[in-house]
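Below is one structure, written out as structure tokens, with a few remarks after it.
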Amino acid sequence: MSGRIIGLVAGAVFRESVRDRVLYNLVAFALLLIGASLLLAQLTAGQDVKIVKDLGLSAMSVFGLFIAIFIGIGLVSKEVERRTIYSLLAKPVRRSELVAGKYAGLVLTVLVNLAVMGAMVYVVLAWLSWGQPAEVGRSWDAPATDPRLLVAMFLVFVQLTLVIAIALFFSTFASPLLAAAFTAALFIAGHFTADLQHLGSVVKSPAVALMSKGLYHVLPDFALFDVKAAVVHGQPIAPNRVALAVGYVVLYSGGLLGLAVLIFSRRDFK
Amino acid sequence: MTASPYPPRTGIAAAACLTAAVLLHVLASRSLSAQGAPGNEALYIRSGEVVKRLALSFDALLADVYWIRAVQYFGRTRLETGAGKSYDQLYPLLDITTTLDPQFNIAYRFGAVFLSEAYPNGPGQPAAAIALLEKGFGANPTRWQYVQDIGFVYYWWLRDYVSAARSFQRAAAVPGAPAWLGPLAAVTLTKGGDRAGARVLWEQMIRTGEHEYLRRTAEHRLVQLRVLDELDVLNHRLARLHAETGRVQTSWAPLAARGWISHDPPVDPAGVPYVIDPATGLASVSPKSPFYPLPVDTAPTSWPAVRPPS
Amino acid sequence: MPPAIQTEQLTKDFAVGFWRTRPRRALDALTLDVASGEVFGFLGPNGAGKTTTLKLLMQLLFPTSGRALILGRPAGDLSVRRRIGFLPEQPYFYDYLTAEELLEYFASLFGCPRSERRARTARLLDEVGIGSERRLALRKLSKGMIQRVGLAQALVNAPEVVFLDEPMSGLDPLGRRDIRSLVLRLRDRGCTVFFSSHILSDAEALCGRVGILARGRLVACGRLSEMLAGDVRGWELIVSGMTAETLAPFAGRLTSTARIAEGRHALEFPRTTAPEALIADLASAGARVVSLTPVHPTLEEYFVEQVGRGGAAQRGE
């Protein structure tokens, strides 16, 4: 696989996303939300920093998700539907390079968007803490502009790269609508896997308990690596947790992308 | 299809990656749950009403999810051995569950049992249990069982026999309630505080309890009452010995030597030996026993009166 | 020198039906050669399998059996794709890019260095007739403009073989003329052109050889002139010195009479009539022969006949 070609395809994806009006609406909305959290924070004495952190991280996660799904789906599905892919595949581009390039391009898009939103969160937090006397600052669980917040944001990004891999995987064989639906469903399911694990303790049948436990391990688990609450409360995050999260996502995404390449390579474009 | 350019190599690599990811997940979940997942139970939204509105039309499903979490939270916190453990998420979780699905029967009944359990086996919040049951009765005015359960909580945990009797009467007034609730109210008034009265209560629960869990809880209570009876006997013998020897007993050996106990050491119904508190010389149930802690009010707090041997 | 394009028993079945049990044969054992430098017309009615063939050649589809070779190498090979160009049917490109950006993107995929990309893009866009529209986003261009951009992107790597699927579709007569002259220029440069069409007049004007596809089968293939020459329908005789009255007695032996100029008539008569005898009789009536030309069937008539015959063969008649 040629890195140069992958880079070119990734660049094209990034350029497309930058010019896609959907993106601007989403980002504007996100920034609005983060700004609005300032207002909310004024209403709850002393809890303002926590709320801004909570809301900021959640907004980044949700809007990053929307970007990943709406644009991710278009990556392959829409291209095949609109047949722009025919002229591209006639060029000396391997199908695997196409999949890899699309993935890299979208990861880059999401990274840039998260960076923008993250910067905004920090600006709001800095503004909040700037006017406060020292005693108030001490009462917070964690400093306002806590560098550990970056760890939480990083993990949000890592989780989103997995969502992108899932979206791309479905994109290689399903229509845009179905691919979006499957990805969203898997994302939601992935947040409730912890409950799936404990289903066995409330349900009598051992077969169901076994199956749900199996599903718990096989479905992509988005909640296991969620450290938002810990960061917000100033609790320490073990570095091995971050490493674990990254390793898990790398393996899972790698597997999905491999499957995507496999499916895409054998596909007939009718 | 012929001429597909990708050898099975890619497929094998992909399968290997996914398998590795799953294995990593298995390992991770094991190690992380041992540590205790940090702050995952931080409920951002503690109000049931808000969650209900956010749940769109998935109320019942979400109620199941929150119920599972409540059970798991209760069980996990129970197993914690650290000091200062807290059950403070339990009521909010149960509240959200029952707001999402107001007909969630076991959430009310089991939830009340969880809430009223004394610390450290539970949060020791009988008032919260009553509030939950009242909420359930408000949403389901034909479920006399909830009011009966309220009566139990008043009786067993709050030692408020008047309120307990009143609850049983309320329950009796619900159309469709069984006939024995009225007499139960009467017994409660007369024998409240008495072990015999408590026994009637639990036996009633066993006979009519619609869930095995509730029946088992009642059976457990009955055995605790039996343990109290056994301890009464043991303490009576210890008191006699103390009166005779003038010394506080620290072991069972002297009792065994006199043939006053059939077994040395004497064991409770679970097979765990009873222990003697070295400071007071009183027998009680071992902290390792499943019957620990015993309900205090129906246990003696001082030496039973014993006539010295003539 | 090996043929530029070669197929051997190229077959494609599609699985239809919900349980995928009934295969539909879209292309049946196609075997043809296209020599280097030729302009080959791939003709057939809609649904005959022309686009399927092109997709098989581009490896957008995988064959059920048989094989296709381009420039001596298997179709779809990376090295092959560097030397060919493809214009898909009713093309659709990235909305958000301009024509310039699209071409520069595609040029970069071929490894064209940045310095050269701009020059090559400008040259190609000139050649296909795109002026200032080249800086507009593609979604703002008309269908005809998109077709021209499509042709430009097919030529971005100065290919040795060009595959065009319905290149004239969506173009007005002026556009068609431009494309036609472009194809001829390509031929003059030594490029092999393989194009599919159902517009026969274009094929007649451009192609050296044609292949006619009907219902997945190649029903005729060869030099256009030979295919049509062998079949003489009749004769066209141009005479002078006659009038309508003097021609009247001959009406029974003629299929048509037309006055083409002052004192000149064009007469058509069927194959069955021997020209010599008729001319002698006309001469004695005062006619002077200007020209005698055999009338061949038009490609359209030939086409319809072949397709019909192909259909009959398929039905087992």
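Labels for the chains are A, B and C, by order of writing; each one numbers its residues from 1.
The rule is short, and it goes like this: contacts are C-beta pairs under 8 Å (C-beta built on N, C-alpha and C of every residue); 3 or more make two chains touch, one makes a residue touch a chain.
All of these numbers come straight from a predicted model, not from anything done at the bench.
Nearest to the common centre of all protein CA atoms is the CA centroid of chain A. Using the average of C-alpha coordinates as each chain's centre, C ends up farthest from chain A.
Computed from the mean C-alpha positions, the centre of chain A lies at a distance of 41 Å from the centre of chain B.
The distance from the centre of chain A to the centre of chain C, each centre being the mean of the chain's C-alpha atoms, comes to 50 Å.
Between the Cα centres of chain B and chain C there is a gap of 86 Å. Shared interface positions of chain C, i.e. residues touching 2 or more other chains, are given as 59, 62. The residues of chain B that reach two or more other chains are 1, 4-5, listed in rising order. Counting only residues that touch two or more partner chains, chain A has 94, 266, 268. Contacts from chain B toward chain A in the complex involve residues 1, 4-6, 10-11, 13-22, 24-26, 28-29, 32, 35, 37-40, 42, 44, 65, 67-69, 71-72, 75. Of all residues in chain A, those touching chain C in their complex are 4-5, 8, 12, 15-16, 19-20, 82-84, 86-87, 89-94, 266, 268-270.
Residue ranges on chain A touching chain B, taken from their complex, read 54, 94-96, 192, 194-195, 197-199, 201-202, 216-218, 221, 223-224, 226-227, 229-230, 233, 235, 237-238, 241, 244, 247-248, 251-252, 254-259, 261-262, 265-266, 268.
Partner chain A is touched in their complex by these residues of chain C: 14, 55, 58-62, 78-79, 81-82, 84-88, 90-94, 96-97, 105-106, 108-111, 150, 153-154, 163.
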